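Several structures are given next for inspection.
You will see two complexes here that share chain A, one where it goes with chain B and one where it goes with chain C.
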Partner chain A sequence: MGGVTHARWAAGAVVVALAATGCGGGSGGGYGGGSGDGVLSSSWGDPQNPLEPANTNEVQGGKVLDMIFRGLKKYDPRTGKAQDWLARSIDTKDSQNFTVRVKDGWTFSNGEKVTARSFVDAWNYGASLRNNQKNAYFFGYIDGYDKVHPAGGAQSADTLSGLKVVDDHTFTVRLNQKFSGFPDTLGYAAFAPLPRIFYTDHAAWLKRPVGNGPYAVESYTRGSQMNLRKWDAYPGADKAQNGGVTLKVYTDNNTAYTDLMAGNLDLADDIPAAQLKNVRSDLGDRYINTPAGIIQTLAFPYYDKAWNKPGAEKVRTGLSMAINREQITERIFDRTRTPATDWTSPVLGTAGGFKAGLCGPACQYDPARAKKLVKEGGGIPGGQVRITYNADTGSHREWVDAVCNSINNALGDSRACVGNPVGTFADYRNRIGQHELRGPFRAGWQMDYPLIQNFLQPLYYTNASSNDGKWSDPDFDDLVDQANAQTDPAKAVSTFQKAEEVVRDKMAAIPLWYQNGSAGYSERLSHVALNPFSVPVYNEIKVG
Partner chain B sequence: MPEQPYEPERAVAGTGMGGAMDLGASEAVTLEQGPGGPEGTGPVGRPRSLWSDAWRDLRRNPVFIVSALVILFLVFISLWPSAIASGSPLTCDLAKAQDGPGPGAPFGYDGQGCNVYTRTVYGARTSVTVGVLATLGVALLGSVLGGLAGYFGGLPDSVLSRVTDIFFAIPVVLGGLVLLSVVTSNTVWPVIGFMVLLGWPQISRIARGSVITAKQNDYVQAARALGASDARILLRHIAPNAVAPVIVVATIALGTYIALEATLSYLGVGLKPPSVSWGIDISAASPYIRNAPHALLWPSGALAITVLAFIMLGDAVRDALDPKLR
Partner chain C sequence: MGRYVVRRLLQMIPVFIGATLLIFLMVNVMGDPIAGLCGERACDPATTAQLEKEFGLDKPLWQQYLTYMGNVFTGDFGTAFNGQQVTELMATAFPVTIRLTIVAVLFEIVIGVTLGVVTGMRRGRPVDTSVLLATLVVISVPTFVTGLLLQLLLGVQWKWIKPSVSPDAALGELIVPGLVLASVSLAYVTRLTRTSIAENKRSDYVRTAVAKGLPRHRVVTRHLLRNSLIPVITFIGTDIGALMGGAIVTERIFNIHGVGYQLYQGILRHNTQTVVGFVTVLVLVFLVANLLVDLLYAVLDPRIRYA
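Right, the complex of A and B next:
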């Protein structure tokens, strides 16, 4: 599973976070070791939860985790390819039993050594039902997960039987099925190592997380800002090229943009839709727009019978066909989004599983057919679609209004669809998590790592970690299991695409558009880039 | 006619003396008519009340004429918006987003391709409805509570005064954000209810003060001496003489309620789409100010003119009803 960062529900648009940022991989060492001491400020939103790595599945928290943690693997900030980072090697003969060797010389920012135990204990913590971590599901392939995190009842074990520490720098992983992509998932923040203080003084750790990344958290005031300082003794090649980052909380991306223009903010990684027409003249080449592994969809509440009854898939398909994606991406987003024709992302490449047109006519604007399908499916549950979204990032209000107008025009009912804004991303995620919503909701998915599996399994597999609408389909689950067991990558991809067709036929979620990462920065900064997850590569940024 | 206000007292005093000698019920009734038209007996015998005086003043006041015409127009388009705007305010064509004026759309189109002219016209209904109903609610609740407290005094009066103090301490916008954010109904009623809840103490204080003043007048004492009931005294003698300040303040407040509705809708806690409100439109258009300023300026201008019209009307009414302030 996915590993990697789960996609965090992308806050939206653009921005989402995550990812492996930084890595420098190939380029990381290029700038020489931290000469700059300048601190930059960057736009941000409060994370939903305290920053436990296994409990963070949204982009804003993920952004920080990617600055303060480094895992076994790291995703190249240019290509997204997983490369060994803390791992010296991850070996397997059968795609089911893995031997992980951890590099020597890594420590946490409090001086404690990073050992095999740092990983194994962290994974056991993340998997344990008792700790109720949102990303526990990512450990589901490790043998013994069903004992540690049973679907029902109390757990009968505290640790995963599939994890064994061999020596200080070696541990083994036994999976409960073959999963050839497993090593590539290990760059996801949920698999980060944790220091002892995480267990011995949990409250202190939550207040000021201690990690092993190029930055260390200095202070955090909810609703205001988080100060991260460069960790000078960071042993990796991707040392921070600046003195630190101040993440400033904004509840409106227009405000962030205005602050950027006024010189009060150095980096805004969420350009408001209303400014897309001006951003090139405002910022010149200080505006960057790069493809990112983000897809915006509308998810549905399958825990609500009205949306889960037979025939409802016709309503959903009808709604999908009532949305004029071409027009919205052009008029609202100035073509910085591309209409979606499948459920993945072009950044995967066709070899990686992206398949343009897989959605077929179900994603084509066809108002007449849309109206017919909605009618055949029994009409819109409750007579009105309320699309819930968070209003603080991503210019969601603009596109949700446009989607609703498109649906209203297609169905010939000016009140068929209405937007339902929630003030902040964190609150929005909470409401989704509590299954409070009774209608479709915005679901932006930022990949955790560039595998097709990550666009499907965490979102649509029964009880998967980010399957917020609780969609469940045995055919889909079967195909995903088969795909994961494939050792031939091409066959795995084609099996995943079959699973994707199930998603299409049931219209489990309506794909809207593929998103680019876009950001603007001040004249103080240079070497600013977004990684394929659309997160700024903070450690490479130079100030002044 | 500066002497006019004194007329009633004289009348009351005179009849009061007469009444003291003859407490016949019929006599009392005629007496009450005195105060009923206290402002009513003109020197030339033509009945001239405070109200007709005020009306005469107002008719000559250009500020009143202009604001009244604006308000009449607003009321008209609130009742029959389709008379001057074609199409539905909810029909938007994204292909025209941010376009300037065109046929049938003299104000251009907003960021969603909605017709700004149509939406601005339809938005008047919301504003006028909220303003008028909130004012009525506030005036009724405030004057009844304040009037009773002022008339009877004692413990209820003290309690009410403290309660109004508490309500005065609630910041309006903050209160709106807190109270209205939990409301899911998308009608004007929660907004009106909120305004009444926070608006009545102002009126109640004014009503209380003016009732206390009025009840000390001799004609009230006389009516009491003649055995009139509290209800009768309140309704026949006090209310007509205490209501003027309430009307003045309520008229001015009407404009502020309209502005408050727009503020709350702007903040996302008042009315919500698909309701049509100037506040919603202003909020939606503000990010586009650089590329489509017309979408922001027209609803803002309509709001400003409407609020101004009601406040000027209130001013004119105050001048007419309360000559002492002139």
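Right, the complex of A and C next:
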């Protein structure tokens, strides 16, 4: 779920879904007083892609997958730590060859057993080029990926050579490079097991997905509503504490909020920016606002020589110091975002690699030094910074304008920085992809899995999948390779932090703020929390 | 009459082709539709190539257009990016929007025409002045303000309605959204009817009817109103198309999953197939509504004959 999505889904505007159970629109489900069978309604957005695990890269589809699938690992909803779930063990001696043992006793909600093959087939499907799965690159570490998903031309194999089924509950994975963090990535939805019906009757599966999670899909009306019901025979420890969830699509999160106020919706998990000022008086302690694995940065076009010449890092650092993060997060985001002091996220925890203050003075507001640094670095390329962003979602315009004001004031030049809005997200991505930007651009990153690696490698490694500015630094690449090869997790983290220091010294991207997830809920609900992916922990919610 | 209809239908063909071509070109100018599909990262080149091939985006534009039109005539409007057939989207969206439009048009006809007749008959009296003033207010307040206000008042404060419409979008739920959607047009209908009635009141045939000793309600409904409705019918006829396509704001406020919602989402996601498909159908609706309006003239005014 990397990505922009963050901006689109987590932060801001898109479609949000509503469930009108309150007064009746929801389809059935009794409201038992605390007996664990009450059904709650929750806001939703229409998933952008078909709901296949390896094809879902945004939060709205991810919400559903989180309810109907359980993988080898599960991320603890509070700490984000990866725990063995369907995995009995994942062993390796060399960080490259892994032996996975799957627990016995798990089934899909249609009764089919979850076996080693359920995983291997699902991963082969996800990686195969012909299936157009947008998360295919997640399988890129597995040996043979270049055969099933070549960068160009036809695929020469159907299955990943690095995956071998040993017996019903054991399979082995061979990676094409050392990657000690690999087992911890396996909680991501793309690695979920799939039942046979997914391949034998794909259309039927898409109409009504079948998984192995605490909920089962009862009915799904695409584009408007999904009814999920508690799966009584669920074998896991995280059984649903409610009778089910009705997800309803909202076109506008303001309507979802209005419905919540009117008692027409139980849970709205994306509070519109415009309501942040009154949400506390409206909802009191039924408003939650917790850190999510999302960081907002300003990236630079390194394919443009003006931004890539020696000394330009001084200009970038200067710009970073010209941004008054404290003031902007307070005035514009009502403290639902926190000024960033490194390039990761607090949800990783210090053991996971988050290091407050790693950025040091370079992320502190210091207008005098900012002005000096920009001057030393040869001034702003072209005399003006144009920050490109997409204007179709919530509040990008507001913060970009605020950032520009801050820069203009610090540099004492009212024309030093202007916003450059692009109409739609799709067009914005289009321009980034065509490498035609001549100034910094908004970059948001929502983690796929809670590892420091996920905040660094995809964004700053040479030619990585989300390295949109084409930043490249041999020292950084080298450190990342070393960190991935480390078998000791603590050493891996500290090596990644060294790599992060390279990002800081070159100011590859300006960190702005960490984003929180927010949600509001009705009086009928209790035990509502958001996980580090800013998705409500549905199975723990109690109704009545 | 028959020949006239055939001629009009034939005229629709170039209009239809021109309109769809324009839409097709405009949607393509929006940029590469694949770019927004993979979130904050670029899709890998192999997947991009594969998707482009699947959606026919690797062909030159004119060829895409021809293929598309060919498919449209066989009833295939293509596939949206989420894997759904566009026809499937239409089958869910159009019934909802049609219901909403019907509610809106009923409001226009019932309230608009009634108010128009009342004010037209009593020109310059207090009731006329106050209705005129009210229509001025309605016209000058943007729809989203009316919509949000009504939603907050009726939905949250007084709890008369649910603030959002359920996916079934039953007629009863669409009354308030329909009123909001109709509000501006309703004001215009009132004003049009009023002027038209006031003018025709002084015409010869009305004086004749009165002189014949016909009862007043008969004079008004059979003679005066029937002739005064021609400009109103023209307005409402063209308004049907505008209401269906222009319901984006209203549909968003009340969370109605109709045509406006699909168009909005289609544009945001650069979903060429959805946008072109829906607009094509809207163009057809527009053309047919216009034809019906022209035919209605002959029914309303016996002096009009089509050959």
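The rule is short, and it goes like this: the second predicted complex is superposed on the first by the 320 of 544 C-alpha atoms of A that agree within 3 Å, B and C clash if a C-alpha of one lies under 4 Å from a C-alpha of the other, contacts with A are read in each partner's own complex, and residues count from 1 in each chain.
Rule of thumb we're sticking to: a contact is a pair of C-beta atoms (placed from the backbone, for glycine too) under 8 Å apart; a residue touches a chain by one contact, two chains touch by 3 or more.
Just so it is clear, the model here is predicted, and its values are computed rather than measured.
Trainee: Looking at the overlay, does A:58 come into contact with chain B only (first), chain C only (second), both, or neither?
Mentor: Second partner only, chain C.
Trainee: Who touches more of chain A, chain B or chain C?
Mentor: Looking at chain A, the partner in contact with more of its residues is C.
Trainee: Identify the partner contact of A:272: answer first if only chain B is touched, second if only chain C is, both if each is, neither if none is.
Mentor: first
Trainee: Classify the contacts of A:324 with the two partner chains as first (chain B alone), second (chain C alone), both, or neither.
Mentor: first
Trainee: In the overlaid three-chain picture, which partner chain does A:248 touch, first (chain B) or second (chain C), both, or neither?
Mentor: Touch status of A:248: second partner only.
Trainee: Regarding the shared-chain residue A:79, is it in contact with chain B (first), chain C (second), both, or neither?
Mentor: Neither partner.
Trainee: Quick check on the complex: what are the chain C residues that touch chain A?
Mentor: 30-33, 35-47, 49-51, 54, 81-84, 88-89, 92, 151-152, 155-156, 159, 162-164, 166-168, 251-255, 257, 261-262, 264-265, 267-270
Trainee: Enumerate the contact residues on chain A facing chain C in the complex.
Mentor: Touch residues, chain A against chain C: 1-7, 14-15, 18, 20, 23, 25, 46-50, 57-58, 129-130, 132-134, 136-137, 149-152, 206, 221-225, 248-252, 255-256, 258-259, 261-264, 392, 424-433, 443-446, 458, 465-466, 468.
Trainee: Mind listing the chain A positions that touch chain B in their complex?
Mentor: For this pair, the touching residues of chain A are 254, 272-275, 277-278, 324, 327-328, 331-332, 391, 395, 397-398, 401-402, 404-406, 408-409, 414-415, 418-421, 423.
Trainee: Okay, in this complex, where on chain B does chain A touch?
Mentor: So the residues of chain B in touch with chain A come to 88, 90-95, 97-98, 111-114, 268, 272-274, 284, 286-288, 290-291.
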